[in-house]
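So, here's a batch of structures to check.
Look for chain A in each of the two complexes below; its partner is chain B in the first and chain C in the second.
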Partner chain A sequence: MSVAIIGVGQTGYRRSFPDKSSRELIWEAARLALEDADLDIDAIDMVISGVAPDALAGEASVERTAMLGFGKPFLRINTGGVTGSSTVFAGNTFIRAKRARAVLVVGLERMGQATSSQQVFNTIFDPVYEKDFPLTTITMAALRASMLMRLYGYTAMHWAKIAARSYQNALKNPLAHLHVDITPEDVLNSPLLAWPIHRYEACPMSEGACAMVLVNDQMVGDRTPAWIQGAASITDSYAMGDRIHRPGATLVDLLSLKLAAQRAYAQAGVDKPRDQVRAIELYSAFSSAEAMAYPALGMCEASDGPRFVEDQFTDPKIPVFNPSGGPQGANPVSVTAMVRIAEAALQVRDMAGERQVADVDRAVATGQGGATQFSTVCVLGKRPAP
Partner chain B sequence: MDLVKIEGKWNFNYTYFAGESASRFFHELRENHRIMGTRCTKCRRLLVPARAYCDVCMAPTDEWEEVGPEGTLETFTIIATAFPGLPPPPIVMAYVTLDGADTALINLVHGMDLSDIEVAAQKLNKLPRVKVEFVDEPTGRITDFSFKLI
Partner chain C sequence: MAEVGSVYIEGAALEFSWADPRRNLMELIYDTVSKAVEDAGQGYDGIDSVVLAAHDLVDGRSLSSMVTAPAAGAYLRDEVRYSDDGAGAFAAAVARIEAGESERTIVAAWGRASEHDVEELSRQLFDRIFLAPLGLQETHICAVNAQKWRINGGDTSSVEAAQKRRAVAAKANPRALQSGGWRSTPAYPLESDHLPLWADAVAAVVISGKPSSVRVKGLGLSSEPYWPGDRGLATAPALQRASERALAEAGMTAHEIDLFELDGMTLYDEAIALEAVGYAAKGQGMRVLAEDQRCNPSGGSAAGYSVPAMGLARIVEATLQLRATAGAVQVGKPRTAMASGLSVTAAQTQTVIILEAQ
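Take a look at the complex of A and B:
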């Protein structure tokens, strides 16, 4: 049983949508996905919704206000940063298990309504041992970025180059939140948030909705599919401090992403990822998260990471990272991991407009949640997995 | 036509239950100024701060051992920008492996000259030795102590 993505709907992403209620955002993304799939809501067997912390929207269980069609099974998924990809994977699993022929997956991020989002992010930490400290998504990334610099020789300029490349890519993506012409120097000159992270390296706070239609192989017909060749999800210990002394895989080695990639590649028949994957949509909310992903995805050895950053600007054979601009272009938290898969699907379907990468036979999308506690890897292709 | 915006506020009160293991850890902080870990009965790692079980082995961790009071800094950040609802910068936060422990523990680093953040960062990059420093009147919370460079 092969599963394909045949419809993608995105509202686009902005700081806020004061012109749309939460349910209207969900409806718009779902409507666009169904239109792209050329399917009516009656053809959908099941709806799966992904929304991360309710406190970011200030609305509890906001997804229930946006029922899509009548009389269908419905599920809500929340796995933090990987909520979006977990939602897609749940749809994939239901179809592969023959419990549904067509599933509509939809995610919403409504953090434009939050006026102190870093305070909300502090509530995701353990109230017993951690929450008294200023742990946030930014400081969590900074703790690892400083370790990467010391271990592998990354510099502030590497972080700046990665971020600037993503901003330049986002200029070609009309759905991105930020369209700003930022150079590496601009990144370095922006205010320091938490050493070593500068403001323009951090992703923006965005909201918006994304939806996709997943179907079994019999329902694809003459539509243009992106086949799910591989999908794997791996968890790790919660406490970052527990991973610092782990033999063979420290805090910055992203063991969960490495194992997810190995499983997803095996399902997809990928054994030389650097040659067999053309576009990679990374859930890299910070440049350091992208650097950690290179070795985990089999692109290079960890110690060669700084050189790999430089090489990707000169070697056209290296896969294109975040052609959409990635999370630097828009980071609607609940849906960011779904947007990675949606953008990878558009690349595989040759529907990515000005941001289309040439000759994409296969694309990869990643998800990262918690303190890199949850990792997902999705491999999409023009054909089903061999 | 004006788009309507409705003000909202979530301001709930909670009482968090720390459980027996953390309660004993906090008791040791308050009464004995000691930092305790618990050893996994299976992988034998000494986990700090103390907890009831090892999430890798799914095994109980019921042997209590003291660690520190000195240790080695593992990684850090220096918060330089103010965020709504969080304490004012600059703040140094670090993971430290206390002597004897197999895991690192997060806490604040106090007593550093932060007039030049880059200089302070380079000093921390050398992974200095640190020691635990208790507040004058511990209350049985993780904030009863912080780290200080030796």
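Take a look at the complex of A and C:
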């Protein structure tokens, strides 16, 4: 059984939507996805929703207020940063199991209602050993960035170049939250959040909703599909300290992403990812997170990472990273991993507008959550997996 | 890849406790998951997937699965956490095996009522503008359902007998909470003993596509509108639809089911559930609950209650019955059982699972 994405709906992303309720955002994304799929809600067999930390929205189980298609099977997922991709994967599962022909997956982020997202994120860490540091997603990323600099020779300019490239890409994406013309020098001149991370290397706080329609191969018809060729997720250990000294994988090796990529590539028949994938949408909330993904996705050896950053600007054969602008352009946390898949699907369907990459036969989307504890990899293609 | 109807429960475990000072949440999870894995007799090596049902606001920290998932065996495995009822997560885990994505999966669900304010959390579920100012909790919706059931002509003559039978079962159930816990203040027409006994609960099963003692014969899910005024009060339409789907898949009628473990927050909800799944006639659910030993032999919500674990707890109880290992609450030798699980807000979504002894 092959599964395809035939509809994508996004509200666009911004700091907050004070003029829209949570259910209005969900309904808007769902309507757009159904219109793109040319299907009515009656054609949908199941709805799967993804909303991550309720605390970010300040509303409990907010997706329940926006339920679509009363009477249909409905489930809700919360896997933190990978909530969006987990939700898509769950839809993929129910179709492959022949328990649904068409599934609507929808995600929402309302973190604009949070007084401080970093205070919320601080509560994901151990209340006894870590919470009082204060460890947050920013300081957590800073620890990794400094480790990458020490181990592999990355410099502040590498982080700045990655961030500036994403901002430039976001300028072509009307759905992005930030549209700012930023150079690597601008990044380095922005305020330091936690050394070595500057403000413009970090993702913004964004709100918005995303939805997609997944169908089995018999329902695709004459629509333009993005076929799910591979989907895999892996969970790592909770304590970051447990990931530093274990054999074969340090904290910055992203073992969970590497294992997920191996599984998803195997399903998709990908054995030379650098040559066989044209566009990659990464859940990289910081520049250093992108660098950690290169070796995990088979793009280069870890020690060659700094050169790989440089080569991206000169070698047109290297896959295009985050053509949408990625999380630097918009980071609606519980939706971001779904947006990565949505944007990859648009690339495969040649429907990405000004941000379209030429000749995308296959695209990869990643998800990353829970202090890089949770990783997902989704491979999409113009054809079903071989 | 397993076909629909070819997934089996290999191991099951359930524990209720209350504010255990010797174990934190992760230790509670680890203990019960380990028992389920031991019960399955296959060890951890063959397990490639973990499906969880838990909720941040119940666990008391954001993205709580970061710390809880490894305790449930998720390290370097394909793991997903549903913020939904355990029976819904069970259905998703079954689909994983049917889809060929997993050979053997742990399903675990938990809630620790001793460490969170269940009433405040319940109030948070209601619309901030129109419903929350009323101070509504889910048990208040249960009371509205109960009152509507009475207005509709429900047979109230058996309320006391049904509650007595439930209490006796809960006292006899070796897995029920026997000390500690508490109940909220009842809203009319509910009485204190009708309410769920708040408890700390962990339920876990191991499932695979390899034939074992209990087979998943059918499953169904359904939902209702958010607004209570839009609901089918006292009739549980989501449960009715979910059971119709599960029974159709199993090729059975409700009267061919040998045993029921249906999730309801209160005594009345359990009676209404028996009507919704088609086993009791309209208005006769309470009488059936009072007289029929095959209905919620575990003691239902009187044996201990904590969301979002209860659907999976019902599945564990049904599994033990089918294996004739339920202990003092064992009811004969049932061949088939129906278990259900409900989720927020106030049973807006329902999952029904039909199991068969092999």
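Here is the rule we use: the second predicted complex is superposed on the first by the 386 of 386 C-alpha atoms of A that agree within 3 Å, B and C clash if a C-alpha of one lies under 4 Å from a C-alpha of the other, contacts with A are read in each partner's own complex, and residues count from 1 in each chain.
Keep in mind that, in the parts below, contacts are C-beta pairs under 8 Å (C-beta built on N, C-alpha and C of every residue); 3 or more make two chains touch, one makes a residue touch a chain.
Since the structure is predicted, the reported quantities are computational estimates derived from the model, not experimental observations.
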Contacts for A:S146 in the overlay, against chain B (first) and chain C (second): which applies, first, second, both or neither?
first
Return first, second, both or neither, reflecting whether A:T136 touches chain B, chain C, both chains, or no partner chain.
first
Counting residues of chain A touched by each partner, does chain B or chain C come out ahead?
C
Who does A:S190 touch here: chain B (first), chain C (second), both, or neither?
neither
Answer with first, second, both or neither: which of chain B and chain C does A:Q276 touch in the superposed model?
neither
Applying the document's definition of touch, where does A:P127 land relative to chain B and chain C: first, second, both, or neither?
both
Where does A:Q168 make contact in the superposed view: on chain B (first), on chain C (second), on both, or on neither?
neither
Which of the two partners, first being chain B and second being chain C, lies in contact with A:A55: first, second, both, or neither?
both
Based on the superposed arrangement, let me know which partner A:Y238 touches: chain B (first), chain C (second), both, or neither?
both
Could you tell me which stretches of chain A are touched by chain B in one complex and by chain C in the other?
55, 127, 237-238
Residue ranges of chain C in contact with chain A within the complex:
4, 50, 55-57, 61-63, 65-67, 69-70, 74-84, 88, 91-92, 94-96, 98-101, 121, 124-125, 127-128, 220-226, 237-238, 241, 344-345, 348-349
Spell out the residues on chain A that touch chain C in their complex, using ranges where they run on.
1, 46-47, 51-56, 59-61, 64-67, 69-80, 86, 89-90, 92-94, 96-99, 120-121, 123-124, 126-127, 232-238, 255-256, 259, 369-371, 373-374
Please give the residue numbers of chain A that touch chain B in the complex, ascending.
18-19, 55, 58, 113, 115-116, 118-119, 122, 127-130, 132-136, 138-139, 142-147, 149-150, 191-197, 199, 237-242, 244-245, 251
Sort out for me which residues of chain B touch chain A in the complex.
3, 5, 8, 10, 14, 16, 18-19, 22, 47-49, 55-56, 74-81, 83-87, 91, 93-95, 97, 102-108, 117-118, 121, 124-125, 127, 141-143
